[in-house]
Amino acid sequence: MLIPVLLAVAFVIYAIMNVAEGDPVYSVAGADATEEQLAALREEMGLNGSLIERYFRYIGNLLKGDLGISYVSKQDVMKIYLQRLPNTLKLASMTMIFATLIALPLGIIAAVNQNSWIDTLSMVLALIGLSMPNFWLGLLLIILFSLKLGWFPSGGNEGFKSIILPAFTVGAGLAALLTRTTRSSMLDVIRQDYLRTARAKGVPEKTIIRKHALRNALIPIITIFGVQFSNVLGGSVLAETVFAWPGVGRLVVDAIDQRDIPTVTGALVMTTMLVTVVNLLIDIVYAFVDPRIKAKYTK
Amino acid sequence: MKKSVVVLSLLMALFIVMTAYASQDTITIGVANDITTLDPQASNTDANMMAFTLTHETLVQIDPETGNIIPGLADSWEISEDGKVFTFHIPDGVTFTDGTPCTAHDVEFTYTIAKDSSFANAKVSDIVDIQVPDDNTVVITLSRANQEFLLLMAHRGMSIMSEALVTADKTEGPWVGTGMFSVENWVPGDYISFVRNENYRGGAAPTRRIVFKLYKEASTRLIALQTGEIDVCVDPASTDLAYIRDDENLNLIQVPNVVMIYIAMQNEKPGLDNVHVRKAIAYATNKEDMIFAALNDEGTVHNNYINAGQFGLNPDIHVYEYDLEKAAEELELSGYKPGDLNFKVMVDKEFKKVAALILMEDLEEIGIGLELEELETAALKGRLNDAALDYELCIYQWTDADGTDFTVRNMYGSFEQEDGTLKKNGSNRANLKDPVLNAMIDEALVEIDTEKREQEYFEIENYLDEIVPIVPLWTSFVNIGTKADVEGAVWMPTAKHDYRLIQIP
Amino acid sequence: MNEKEINNNDKILDVKNLSVRFETEDGIVRAVNGIDLELGYKRTLGLVGETGAGKTTTALALLRLVQIPPGVVECDKLEIGGRDIRELSTEHMEQIRGKDISMIFQDPMTALNPVFTVGDQIAESLELHEHLSHEQALERAGDMLEMVGIPRARGKEYPHQFSGGMKQRVVIAIALACNPKLLIADEPTTALDVTIQAQVLELMNDLKTKYDTSMIMITHDLGIVAEVCDEVAVMYAGRIIEQGTLEDVFKETMHPYTEGLFNSLPNIKNRTARLKPIMGLMPDPTDLPAGCAFAPRCNYATEECTKKVPELKAVSATHKCACSAYEREGFHIERRAKK
Amino acid sequence: MAQEKELRAHQKYKKRSSLGMVWHQLKKNKGAIIGLVLILLVIILALCAPLIYDYKSDIVKNHVRERMLFPSREHPFGTDDLGRDILARVIWGARYSLAVGVVAVMFALVVGVSLGAVAGYVGGVFEDIVMRICDIFSSIPSVLLAIAVVSAMGKSTINLMIAVGLASSAPFTRVARAAVLVVRDEEYVEAAKAIGMRDIQIIFEHILPNCVSQIIVQATLRVGSAIISAAQLSFLGLGVPAPAPEWGAMLSSGRQFIRDYSYMTLFPGLAIMLCVLSLNLLGDGLRDALDPKLKR
């Protein structure tokens, strides 16, 4: 199932990137290029043949793990991508950890104290988080924490400190969404009969929330993680630009700027694959949390 | 000539010995533009040029102080009396950074493949023959006497590469030169690091490792300098310069920039083929406001058609002062009515956009419509280079300063094709095809008498000013912020800085 | 806190004037309106009434499990095993729940936590109240499973792997794991097939006898009451309207509502007799009528009935009834007349 | 997959509510009312902008010598790098941001709903293909997808709308399909078939009205995220062309001055946030009102 989806993704992206107006050869060649040089360059860039022909050649190479050569740096796109991937994964996982650390407790507290001031406050915060353009938040964070207070660096990826602001920038929206999901999911679970059963057993309230309720509430929360992973990657595009974080997102933005079609296509295809794989992993995590799903898999 | 080399290298050696072991190990330079390639013949961006300065050498180089040609890889050379034959002598013991020797054969190889490079071919187009009588000598014959051939050979695009390495690996072979540094690690879009060549003839560089780190955002880049993440911040935002001036730990370096920003007009587009329309646009261009808004007033109006500081720059050139009435008059002369003409202007960077918005408003006043087309840098370059020449106006720049001939020839010149028609030279964004001008350029190139030659360039500029193929806008400053104790770097008016001797003692 | 009060009382349960209301944005829901309950050791009380009569809320109030807010619980006396639990701390209350008093909930389908094995869920109360290690507790949980007729190996399985009846057995095992003195069973068989109902009831009866447990059986099914209970309390709109021994209520039925309940049962002896369901609906608990809540549906109701709430009056030593109609000379309900 | 389950669950509990009921429910929700009032205010401002400010002389005209003036009585939000009044531009910007958001979502809605409805109705291979495409579109981060589309088609307001719309059509497809699946085999649909109604008619007259409420909620919430997406693209320089006063573009040109002239980024940013916030509040309120089961 993974392969056909990827092929289709590759096609969609390949088609989009190749309808761009203008012959890409001109943006790569020097100003004094002769016809022969242009022809040679076209050949080298794999621009000869019809779109369909080129697509099948591309797919053929893709299946061998070859994403082509960057128009600009003449480097292997796979190599470039793999150079950037760890940074993006670092940022994405920090973002998720960050969002979880904020959102889970907040959402749970809000749900347990439904309609209290803390509930209202966290819901208002979550709404604001959802409504704030993340790049703007990033800029505000730089002004406050980097310029005024000097606590964190404003960019680059040296050390743990430099990941905090970008992770928060991307994570704010996710945290907001997670807080809301956690809260509503907890509220759902809190009403379930089995919690009453647990209470009637004399299980202390804390244990009920931590053990009985949370584990059930986690199921929809995990779904959100899966759905949001691709958004986290999307959000990191902006944060990577604002914070000069050398990840995949900025790679794509820069490559688009440079009309580097193989890099754009390759990075998007690989990113889609990554999202698909992560969603698969999330399905597996599901099985750990929810025995009903596990049963389905083992059968 | 030889004496000065000895003195210079002695001084350099002394300098190095004194400081090599006491200085900061790594110097990080925050750059605005990404290195896109490490192949000297595959690009002409400033960012790449700075890398080639570290990794490669050219046969000769330009003394930044005097503008004279000084030895590079070749320690001496002779020019034949007719000015067509150049003989370069390459000393013994020159090695590439991987340790293999560099001989005259590598020079021949480099110049030969340059003919196939769409970036370097214009510089070697006059070469008709290259001979290598022995490993230390290369003899180059030109089709015509070229007063600026040595200047062209000093261009970083003519960096000498290793025949063996390039033949073995077309991609990474060109990365290796005979320079003071070699590439250590390159993560495109993030950073590139260079380590010094410990065996460089005449001694190793004072700093072991130089890193170019990319910060696309000017404000982020400056913040990085202020927080100490980087040692040098290239091209801080013009609005932020006060931060550097006011910080005693930092040093602001301002070098008048030779880069010319201009409005390119495709002279063959309907409307723009009318000289009065072009003059109307020139009169409607408010350069002062543009500099004020786009550069925070950190720039100088430029009215000449060649770069500031170049030989033959006409100090008395006629100026199209900003005057909307005159602009309207010119438009009337052209026969077009207000409202008849609508153009598109292409820009890529934010400051050019600001300039275009100001132009837009003034043109609207006199009845010429202007629409802004924002493109990515590469897309814009693609549109300009595309054989279709499908553009009208564009705010663009001319960065090369490799001689006046190179500038006028590339920016305004054309050449005769086999069928007898003229074709514009690569960087002739105005698409100007003027045989009279071509003849003037050719004449000036071969003129040996300096004074006469200067006069000829004055006339070329006056001629251009009559036909207004482009509207020159401004030159600005090359701004660099450094930590106060950074020294040794050579800051270039071309913005292609030389970091070989940079250090923090 | 009242250590000496413990066990100097022969009642497992003693409740006086229990009221529960829910204050919601749509108005105040008066779910339970001042009821008294008493239950002796080893006895079984049937709490009977239609859906919405306040039976479950009453049960939850006994365990102090009514959610506050929106719930408001008021009560003059609430003693379990002679101990007043009204003012006990939360922790203390948690120790009592599951150990002294436990509850079986209506719907076994939702009463079990889907993400834990049934063994774990039974073991949990043992770990809590008997301070057993997890292994020991699991061992005991296995015993409990066997007792309710489930092979102990199935303790490792998850609730979704069990059928409804089996789940209810698990729920019973959970409730009985720590030998509670009082077991509240809230319609334990409603959600089950008729054949399974019988099995489950039998099981409960057996276990109750075996462990000397007192029980409150909440149901709307008079058949079950007849089978299991010693005493009966009939609830209507948050009030007990008739209370007595099984004999009292079944044989000497007093209240028109109780009569209505009997009439709506199919008559096995006379299959041709038509069912006579009680017409109308229970009153809206947010807007209870001023007088007898049953009056609008009552065939015997007079003007008088709508004016004041009838008191629960003793008819005999064990039998009580709340109906103003008996203030009229010679009043009797039809059911009694037939005899 | 789990999302689908959730949607079907929605479907089951969905209650057809009359407009009055919805309003009644909505009225009780303080947040929703605040959101409604705010968004109405933004819409009114957007509509009235030409009455307050003239596009030519107030919005795009440069006053270079008055550039970067801090907020004052004369310019309550200050002026930008070309001396244009930021307050005027923020107010005019509402027109662009709202237009881009609404049109993009309309585009997504039309494409998504019709595809989803037909897919659910027809089933089989077609359904598989459509849903697969949906999966693909949700696997590519929407920002990246939109960037790719805009950069391929060129920068223009229309292309921006299409790109953002395309990137947000998958959820509509899912909603519509799930809605159709639930009612596809219901009797009244069978009945409609039996009396010979055309499939397309059945879809639009009998099936789609059942999921209108979900689509409205989705659309309201999506307009907010579309506005943010458009602003993101503008921020990356791929949005509405200058000199149009789009909020994202204003942020983008203001960001280089963020250190000393942060008001230049503050106000457009605030405008985006308030606009999206009010849409979210309203969307949440609508969802609660239309779907009482979800009410907390």
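Note that the chains are named A, B, C and D in the order they appear, and that numbering of residues resets to 1 at the start of each chain.
FYI, a contact is a pair of C-beta atoms (placed from the backbone, for glycine too) under 8 Å apart; a residue touches a chain by one contact, two chains touch by 3 or more.
Please read all numbers here as calculations on a predicted model, not as lab measurements.
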item	value
If a chain touches subunit A and subunit D alike, it appears here	B
Chain at maximum distance from subunit C, centres defined as averaged CA atoms	B
Chain pair showing more contacts of the two, A-B and B-D	A-B
Chain at the geometric heart of the assembly (C-alpha centres)	A
Rounded Å distance between subunit A and subunit B, as computed from the means of their C-alpha atoms	40
Centroid distance [mean C-alpha coordinates] between subunit D and subunit B, Å	46
Centroid spacing, where centroids are CA-atom means, of subunit C and subunit D in whole angstrom	53
Numbers and ranges of subunit C residues touching at least 2 other chains	none
Subunit D residues counted as touching two or more neighbouring chains	151, 255, 258-259
Residue list for subunit A, restricted to those that touch at least two other chains	142, 147, 241, 256
Pairs of chains, among all present, that meet the touch criterion	A-B, A-C, A-D, B-D
Subunit A to subunit B touching residues, read off their complex	22-24, 26-34, 37-38, 40-41, 70, 72-75, 80, 83-84, 87, 142, 146-147, 150, 153-158, 241-244, 246, 250-251, 254, 256-260
Subunit B partner contacts - residues on subunit D that touch it in the complex	60-62, 64-65, 67-68, 81-83, 151, 155, 237, 241-243, 253, 255-261
For the subunit A and subunit C complex, residues of the former touching the latter	192-205, 212, 215-216, 289-292, 295
Touching residues (chain side subunit A, partner subunit D) in the complex	4-5, 8-9, 12-13, 16-21, 114, 127-128, 130-136, 139-140, 142-143, 147, 183-184, 187, 219-220, 223, 226-227, 230-231, 233-235, 237-238, 241, 249, 252-253, 256, 264, 268, 271-272, 275-276, 279, 283, 286
Subunit B residues touching subunit D - in the complex, by the definition given at the top	217-219, 237, 239-240, 243, 289, 292-293, 350, 353-354, 357-358, 360-361, 372-376
